[in-house]
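Each of the next two complexes has subunit A plus one other chain: subunit B in the first, subunit C in the second.
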Partner chain A sequence: MTNLFNYIERKSAIHNLTGATKLVCLMLWSFAAMGTYDTRYLAVLALISMGLFKLGHIHIKDVSFMLGFTLVFLVLNTILVYLFSPQHGTEIYGTTTYLFGLEGYYAPTAEQLFYHLNYWLKYFATLPIILLFVCTTNPSEFAASLNRIGISYSVAYAVALALRYIPDVQHQYYEISKASQARGVEMSKKESLVRRLKAASAILVPLILTSMSRIETVSNAMELRGFGKNKKRTWYMARPFKIWDYLAMIGCGILLIITLFLNHVNGGRFYNPFI
Partner chain B sequence: MAEHIIEFRDFGFQYKAQQSPTLYDINFGIEKGQKVLIAGPSGCGKSTLVHCMNGLIPFSYEGTMTGSLTINGRESRELDLFEISHVVGTVLQDSDAQFVGMTVAEDIAFALENACVPQDEMKQEVHRVAQMVNVQDFLGHAPGEVSGGQKQRVSVAGVLVDDVDVLLFDEPLANLDPATGKQAIELIDDMQKQTGAAVIIVEHRLEDVLHRWVDRVLLMNEGRIVADQPADELLSTDLLDRCGVRKPLYVTALEYAGVTVTPEKHPHHPDCLTLEADEMEQLRRWFDKRPQRAPKEVGEVMLEIQHLNFGYEKKDIHVLHDISMQIHRGEMMAIVGTNGAGKSTCSKVICGFETPNEGQITFCGEDFATYSIKERAERVGYVMQNPNAMISQVMVYDEVAFGLRNRKVPEEEIATRVEEALTVCGLWRMRNWPISALSFGQKKRVTIASILVLGPDLIILDEPTAGQDYKHYTDIMEFLLELNARGITIVMITHDMHLMLEYANRAVVFSHGRIIADDTPAHILTNPKVIKEASLKETSLYHLAMKCGISDTSAFVQWFIDYERKTARHDESV
Partner chain C sequence: MKKIPVTKIVAIGIGAALFFFLGRFVAIPSPVPNTNISIQYGLLAALAAIFGPVVGILAGLIGHFFIDFSFGWGVWWSWVIASAVFGLICGCATRSLKINEGEFGPKGLVIFNGGQMLAHAIAWIVVAPVLDILMYAEPANKVFLQGVVSAIVNIVTTAIVGTILCIAYSKAIPKTGSLKEED
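And now, the complex of A and B:
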């Protein structure tokens, strides 16, 4: 079975940061990368993010599923943008440089390709950081972190619980789907999409029903042990901030400031090499 | 008079959505440090009583309370759920659901976290309690990485951190294999001795709880308390039989032999049981007059498994090692062993849910390897433990017809086959009912019918009676016997020793992915070596036979079952 979101316990500098730090850094980093189309800066961010990924001792095969999924999405996205708006680059950069001697609405332009390059760089600057966050943050510590940055602890704990039950639900899904196949529910690619959707409902109904009864028991179990009594709660997994936490947050803060500065210098989000 | 920590006075309760009360005239008190067993059949109000004691009633389930219930001298409705939870610690039946933390340590700390205990204090406390229940080596483990018994220990620890005065166990044995269940009862006893808390165990498996001393047994039936007395006295009456709660087997054996059971004989535990010489003689005579057993005819081999090996490739762990066995036509056999011994995995490999690494499975001489899951299901049906995990339609008829419709069988043929399956399962008159209106046992029948309709010759059932009381257990098992009599071969995966003794003519024992025994249940349950290796439990009949100087213990056990089948069960049906 593939694991979608999974904390991978290893020893690394990234693992040692607290969950709250990683959450704040993730947000700062995302704003920094999303806020600019400056190719030079995005390239630098992409390089750093891959370096950090390495530093976190996460291997490509640990995240192959998520990575593959995102790449497919990215390729689709690129194709669609090109199909619907092949002149987008020209609109942004104000010039039209046809390539390969072709001309026309769908002819490739340097501006359009440059725009796509930036788009891809953006993904490469953020994706490793998101994966890094998912793989190196212990879910309960993450809950503690959410709570620390001001989110109510019931919500924070709900997030952690959802993560806690993902493997259980996956396991149950697997069992139910096998049992339905025995009764002739066809899940193979031979069937038409409509039939497969119908088949999926034959698995989802029992899955939802068993999960619902589970929820009642779990919420009783939690209430019986005092969950929800106080406005606050302490966390077994909470960790105090250390020097590296502050440095990491300051570092990411600086990255965001650079983005803002570049937007000012470039007179907008785009860096234009065509003028 | 000792101080009552929990006291019911003329107490009654009616759920908001129900027509009539669930509890009537409840009067009893629990003293500090006492150990009480509450027994009764399903639907007798046990769970409601548990909810009243731990505060879920009235704080989570609405309804009307009459009379008085005091906890630590204060009326429960004037307290809140959290105050009650500091006095009464509840360990739920489903230790999977009780386990809310990401790791063992966090789960134990859960109540402390909610009480805002500072972190360093919390860590010390968690270590202290973890040591008490002996889980200190697993503190960093996730719930999926610990066994059922360990999960329950964690649940107990999670309640003990709160320093409660009452430990309330709701069906603690429901999901445990026999040896682990025995350890759980020992753990509960040890915890009571160490903490001095009162212990209330709600359970219908009387014999297993009586493995350790209890002060009183409360017997419930139809919302009332019908007995409140020491175990020795209760076992000397016929109240248990009348309420559908099963007596310990050794007590039943004595009754069959015509020995009158009295409190003076200390029937609460086979080791304490005192019998006069003539009473032992009476038992021996009953044993000696048994008729010769005709050896049961064995049908032809239907399913044959040869040298099966299986492992999950990613985890690189071998789950099944060199499994070889035969299943004969017309058999009713049991597969037993601890959780994780490979018994469910083996069935899944047979049904094609998993692909074996090596080995061969043949069904009536045909090689199974080329058959898809769907094709295998027409020969070997698999019924999951939880019926809710199999039901996907709204109406009974549609659910049973589902498998045939998927196979594009003509609607007229479906109609006749569904009618047949529903009639066999006693559900024909409910064919147009919504499934949600059925009881657990009826739902189980629906799932069995939906497998039967596909026409298999062999049905594998995973824990067919888990969580059922004696009456429902008997209903389900008698139904399976009937199916068996109609020529369907039945394989039951179980860790219920009673079930295996009473209903299986053969049992295969799994341990650590290997088959370690293949014999009659009576032989297996009197073989100490197999019992130890597979975490089974000796039947108490074995102890009784030894006590009375009967050396052929397995013949004694066999005679008990045969006698019960012939006489007792016959009486019931008349």
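And now, the complex of A and C:
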């Protein structure tokens, strides 16, 4: 079981950027990739993002669990989209080109396959960046950076706490779940839906109760140290901006502008090679 | 800005971690494609009822943000905001409850479930589809249908999971005045 939010400490250009920069870049990048369905641009973004992945010195095996999970999800989603609307591509691109001499509702069309290609490209354009952000951003620094872009420090601290406790909750859940399974609580597909929900609740109750007592412990500890007494708070992990931070943000800003420009040129989010 | 008490800040943080974990790993697949049965809303409703609307909003916002984030499909702000709205309404509707003092009787049950139904209805049938249309220009009938389906599924799930959590939590705390002096 790999932890999802495991920050990987390495020396790289990406690690050297501040958390605030990475957050801003990530947002700009996601908007740029979400805003377009232009195949050519998505392919370029996917290539750049994979290049950045290399630059961040993150290896595939570091993220294999999450990558595998997302790939399974992606394959399932593709199949479902095809099953439920095999004509989706036709609707988007406005033409119908049947392939392999087949015809009918479920017959493969060039438009549908092209739509799926775009869909996959979109994932490959955003996924490496998100993984990169997750792997190269120290959670504590991330919270510090939230504070820097104008969010109140209590909220920034809550974010830091969330990041800090996700692995703990995960660990605790598996412990409780194993213990419950040993006592005969069934959560697999063999049970009916309502019984599975009940089984989930049976694991949840101890999880929530321990979390509640943890909330009490942690908040007592924070209160004893005088958290929230002052208007401002300095962050141990905060770092000053350097030239590369500005360059990275400008670069991602340009990517977003290109998206907007392409949407204007293509007259919509889709690049249509069928007309 | 009004100061948030330390307990609430910690509740937001750990609540968001729980919300994230449940939404990310404990998703029970439903017969309807692309929608999981999200037990995390049961948790969020219970948290909002125990700690109030501020915790509801922020735990929903942060938790959902991280879920979308880690799934790698980009952040769907419309649904993230809908989660926050759900937490807000749940917290406001259940203000009169005193789960913290160990009280959760039949009346509490009705208030809690009424609140969560209202909150789910507003979040998924009004907020999420409208934002989807505004932000992503999706076809209206599709998003409203999605909204209605998820509202119904979520209401049922929250009614089961949330209620069980509230009862369990209220039972775990000694009621105020439950101790009597010995004669």
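Just so it is clear, the second predicted complex is superposed on the first by the 235 of 275 C-alpha atoms of A that agree within 3 Å, B and C clash if a C-alpha of one lies under 4 Å from a C-alpha of the other, contacts with A are read in each partner's own complex, and residues count from 1 in each chain.
By our rule, a contact is a pair of C-beta atoms (placed from the backbone, for glycine too) under 8 Å apart; a residue touches a chain by one contact, two chains touch by 3 or more.
Please read all numbers here as calculations on a predicted model, not as lab measurements.
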| item | value |
| --- | --- |
| Partner chain in contact with A:183 - subunit B first, subunit C second, else both or neither | first |
| Which of subunit B and subunit C A:33 touches, first, second, both or neither | second |
| First (subunit B), second (subunit C), both or neither touched by A:243 | neither |
| Contacts of A:127 with subunit B and subunit C, given as first, second, both or neither | second |
| First, second, both or neither for A:160, with subunit B first and subunit C second | both |
| Partner chain in contact with A:73 - subunit B first, subunit C second, else both or neither | second |
| Partner chain(s) touched by A:173 [first = subunit B, second = subunit C, both, neither] | second |
| First, second, both or neither for A:233, with subunit B first and subunit C second | first |
| Touched partner set for A:196, first subunit B, second subunit C, both or neither | second |
| Common interface positions of subunit A, toward subunit B and toward subunit C | 160-161, 163-164, 168, 201, 205, 207, 209, 214, 218, 222-223, 227-228 |
| Contacting residues of subunit C [partner subunit A, same complex] | 1, 3-7, 9-14, 16-18, 20-22, 24-26, 28, 30, 33-34, 37, 39, 42-43, 46, 58, 62-63, 66, 69-75, 157, 160-161, 164-165, 168-169, 172 |
| List of subunit A residues in touch with subunit C within their complex | 4-5, 30, 33-34, 66, 70, 73, 77, 80, 83-84, 123, 126-127, 130-131, 134, 152, 154-155, 157-166, 168-170, 173, 193-194, 196-198, 200-201, 204-205, 207-209, 211-212, 214-216, 218-219, 222-223, 227-228 |
| Residues of subunit A defined as touching subunit B within the complex | 138-140, 160-161, 163-164, 167-168, 172, 175-176, 178-186, 201-203, 205-207, 209-210, 213-214, 217-218, 220-230, 232-238 |
| Footprint of subunit A on subunit B - complex, ascending | 54-56, 59-60, 81-82, 85-86, 90, 92, 94, 96-98, 100-103, 105-106, 109-119, 122-123, 126, 143-144, 158-159, 162, 348, 351-353, 373-374, 376-377, 381-382, 384, 386, 388-392, 402-404, 406-407, 450-451, 454 |
